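Let me begin by presenting the structure, written as structure tokens, before commenting on it.
As written, the chain order gives the labels A, B and C, with residue 1 at the start of each chain.
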Amino acid sequence: MSARSSTAHSVVEPSSTSKLVASVLVVVYALVTMIPLFWIVVTSLKSPPDSISYPPKIVFTPTIEGYCNLFTNQTRQTPEFLATLPPATTACEKVTRERNMVIVGPSNFTKRFFNSLVIAFGSTALSVFLGTIAAYGFSRFKVPLKDDLLFFILSTRMMPPIAVAIPIYLMYRELGLSDTKIGMILLYTAVNVSLAVWLLKGFIDEIPREYEEAAMIDGYTRLQAFRKVVLPQATTGIVATAIFCMIFAWNEYAFAVLLTSGDAQPAPPFIPTIIGEGGMDWPAVGAGTTLFLIPILVFTILLRKHLLRGITFGAVRK
Amino acid sequence: MTGNHIPDALANRLATATPPKLAARVRGLSDKAIAWLFITPTMILLLAINIFPLIWTIRLSFTNFRANRTNAVVKGIGLDNYTSILTDPDIWAAMQSTAHFVFWTITMQTLIGFTLAYLLDRKFRGHGFWTTIILIPMMLSPAVVGNFWRFLYQPQIGLFNYIISFFTGVDPSSFEMIGSVTLAPWSIIIVDTWMWTPYVMLICLAGLRSIPDYIYEAAEVDRASTWRQFWSITIPMALPFIMLAVLFRGIENFKMFDMVNLLTSGGPGSTTEVASITLKREAFEKWRTGFSSAFAIILFVTVFGLANIYVKALNQVKSR
Amino acid sequence: MRKLVASAIALAASAFVAVAPTASSAKTITLCWAAWDPANALVELSKDFTAKSGVDMKFEFVPWPNFADRMLNELNSKGKLCDLLIGDSQWIGGAAENGHYVKLNDFFGKEGIKMDDFMPATVLGYSEWPKGTPNYWALPAMGDALGWTYRKDWFAKPELRAEFKKQYNRELEVPKTLDELTDIAKFFQGRDVDGKKVYGAAIFTERGSEGITMGVSNFLYPNGFKYDDPKKPYAMEGFVNSAGAVKGLEAYKALYKCCTPPGYTDAYMGEGLDAFKSGQVALQMNWFAFFPGLYKDEKVGGDKIGFFVNPKGPAGSGSQLGGQGLSVVSYSPNQAEALAYIKWFANPEIQKKWWSLGGYSAHKAVLNDPGFAKTAPFAADFLVAMGQVVDFWAEPSYAQLLLAEQKRIHDYVVADKGTAKEALDGIIKDWTKVFKDDGKL
């Protein structure tokens, strides 16, 4: 739309100096904020003494000891006892033996990570399912008190999690849902369904009604039209919503630490309790954090285009 | 979603106006039934896991019930819990810490976030990539972040003090972030800002991008300086978005628990004990269930009330 | 896209399948304890039980900072995770009155397990509720008290000894009083030893669970602090905030301010171990439970480490009681097997093996053995400590009492709020309120 002279920059297009300055500042900010994350990953590759050396070591010999400590339980033995054992087979065993320790079994981390996966996937599936159909209902039909219901759904997220946890704790105790994966899935679904309804309503609102109405003229029932016309078009929205719900369930801590114990405990309450022989085993904590981060990083990249929508409950669309 | 293939027959139908009542002619379930079928499960779940517990909490707040003494006799004590809370200096201290936290995090995140959004709006080469990088901190688990920043903040073995010392020459062991009464509140503010500035940035970016070019061009025609344009065009038009970001961040930080609990445990003393930490201690360590229920209700009403006022203000700004 | 949706649905469905409970074997019981050295020793010891009874043992160990929270939560939610619980001595009151533990009197009677066989301080501290009555809720499993370690090799350095003698006009030896201990800490603070800057003492300052209360008690008891009037229960004025108690609290703060490593504001057992093992401090306050492991440490163990019991103060001596008792959780479906474990554990031979592996047996057969003091360099100090132990409240509302003291003490010592007398007066105020709510005052 601009047919301006080539010497002056378009008034809306920034000058190349301002672009350069902006890029330098942004890149500096991005790199500075990445330093803590970088340090986490680096720490996961250090040996425990290296991780607590002072001043902090930038140059060190990397080792997988952090990851080994994360996944196994070990005890300290005397060198004489170690000499009587058969030679170490796996890489982790070799590293552990060097510290005069012996692997006695797997740690709880794998189970906790698995719990995180199950609870996150389960609650996401359920909340996206409920959210999609409820959003369709709100979008297409005249529901009495629709705005009030929608606001009520939003307001359920205003309670501090600890506050919600008090009666849920009592309720679950009576129902026998304490420390169960099903209990956590239900709870996370209830929290996520508000987000799901708001987001999906926004997505479904954008699908013109005429498509379904045309399909119904062709003889489809409402349900069939929903399945065959609306759902395929809403797929991106559904996937984006699913990922947001997943991120909440994956990262959640307060409910997890209060309502789970050994059987259903997911990873976030577990990672800050990984101790070594003295205080915290920072390489193992770093290893746990790094592994826990990877799905999130993948999702961030997949979700780039929809992030804005998700974090504002659909109020803002780019 | 682009690239969807609409069958030709359908497309032809779209060209003609669809009679409104036609949609109601269906074989099978009526629209009304479907609407109820679709909405009810969600409402039931929310009633069971949100409303019913809320009512239970309200009821509990009028008793002296303790969840660890199921054998004890439960008495109704009226408003005693509420009056003890409103007259308890420790609770007020916790609310003060929370307010300090919320105020400064919102201020810093808005300033830095908006600045970043403005810079990103210059659309330099590679800005999409760097945007994604900047977004990573806000996708992490706040609990894990709090735990790890405790490591970073250690005066002797942590990176933070050494970086500060590198830039300012101050001895790294001479100060400590988490243990000092003056610096601990800032330690939590810094971590929260590190995590959530991208959030504000993203929303402000949307705000900036929503401003149509022709307004700027008109201003240029009017010989308005860049500074003037910024203050009379950019800021006012981005304001609803900024306010939305402030609303969301405010609500979230009022409820903050995970990160602060793992970073400082509310210490030193109670300097960083925000409201949710006090609530957790009352409810799940001291097991004063009735008392903490009253506190929970007070917190909820506070957030709800503030959010309502805010949303009204937001709507006013939007309608301008 | 369809495939993606289908696979996502399949994944979610499998999530529901994974949630279905698995059948549990009746021949496995779970023992819950804190994650520390003695727990590893217990795993080793329990292999004998599995061999003798055929019952497999599973263990759930939780680090100390989270142990109380998690286990009390578990008990209050009537969880079935633990069949056996080695719970802290303070939990006895709550566990007994709220029905979390199985009362063991009948079982002891039937199996001939006599409480007289165990050291009286441990029976009182770990098993009895109400205190001083023959109602037993646990078998004393792990005797423990707060003691101190020090760098014997540093104390032996001639140049340091000479310097110390010049400054303080006495030899650089194990301190006999708390003041002497503070002097030694001051001496080492900031000193260059073996080419590295070191600090005086690693003491407990943890805010979250119980750290700073346990630590400060070691300074309060020898200065005359008492929880209440011995003649009038729950009368605290003049006993909690006596002049001696104020001095003791001030001394602890002085030690914290002058002689601890930088950033030592939230430290408990683990941080103390790290500080001592990395050669940062000359003195370390910690539980006797860790001393076997420290003695075996490759860097600071053996000849380099020495131990001493909590030194005297103006009003006498006192050590903070630690230790735990082994209880059967009343929600457990495997109580028969759990009780069998207790019977096996109470056997004097097993108790002797327990001590040899690093667990602190409370059985008289082990502790009263004439050779006991020579079995380890800290054994004699342990006996002295157990002879002077004082425990925190074990009331059902112990958590409220503990949290009140944690807050007031941490506010004063670390956050510099108010004076020592104000802190102790505040504690009395908080505790009075709790006791009034409980109907005890």
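Keep this in mind: a residue touches a chain if its C-beta (ideal position, glycine included) is under 8 Å from a C-beta of that chain, and two chains touch if they have at least 3 such contacts.
Everything quoted here is computed from the prediction, not taken from an experiment.
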Top-ranked pair of chains - ranking by C-beta pairs in contact: A-B
Furthest chain, CA centroid comparison against chain A: C
Inter-centroid spacing, chain C versus chain B (mean Cα positions, whole Å): 39
Distance from chain B to chain A - Cα centre to Cα centre, in angstrom: 16
Centre-of-Cα separation between chain C and chain A, whole angstrom: 37
Numbers and ranges of chain C residues touching at least 2 other chains: 73, 76
In chain B, residues with contacts to at least two other chains: 67, 156, 284
Residues of chain A touching at least two other chains: 52, 169, 232, 235, 258, 280
Of all residues in chain C, those that touch chain A in their complex: 1, 4-5, 8-9, 11-13, 15-16, 18-19, 30, 35, 37, 40, 43-44, 60, 62-63, 65-66, 70, 73-74, 76-79, 81, 270-274, 277-278, 293, 296, 298
Chain B contact footprint on chain A (complex, rising order): 1, 11-12, 14, 18-20, 22-23, 25-27, 29-30, 33-37, 39-40, 43, 51-56, 130-131, 133-134, 136-138, 140-141, 143, 149, 152-153, 155-171, 186-187, 189-190, 193-194, 197, 209-218, 221-223, 226, 232-233, 235-236, 247, 250-254, 258, 268-269, 271-272, 280, 282, 285-286, 289, 292-293, 296-297, 299-301, 304, 307-308, 311-312, 315-318
Contact footprint of chain C on chain B as seen in their complex: 64, 67-71, 90, 154-156, 173-174, 176, 178-181, 264-271, 281, 284-288
In the complex with chain B, residue positions of chain C that touch it: 69, 72-73, 76, 94, 97-99, 207-208, 261-266, 396-397, 399-400, 403, 407, 410-412, 414-417, 437
Chain B residues touching chain A - in the complex, by the definition given at the top: 1, 4, 6, 9-10, 13-14, 18, 22-23, 25-29, 31-32, 34-39, 41-43, 45-46, 48-50, 52-54, 56-57, 60, 67, 116, 119-120, 122-128, 130-144, 147-149, 151-152, 156-159, 162-163, 172, 194, 199, 202-203, 205-207, 209, 213, 216-217, 220, 241, 244, 248, 251, 254-255, 257-258, 262, 275-276, 279-280, 283-284, 289, 292-293, 295-297, 299-300, 303-304, 307
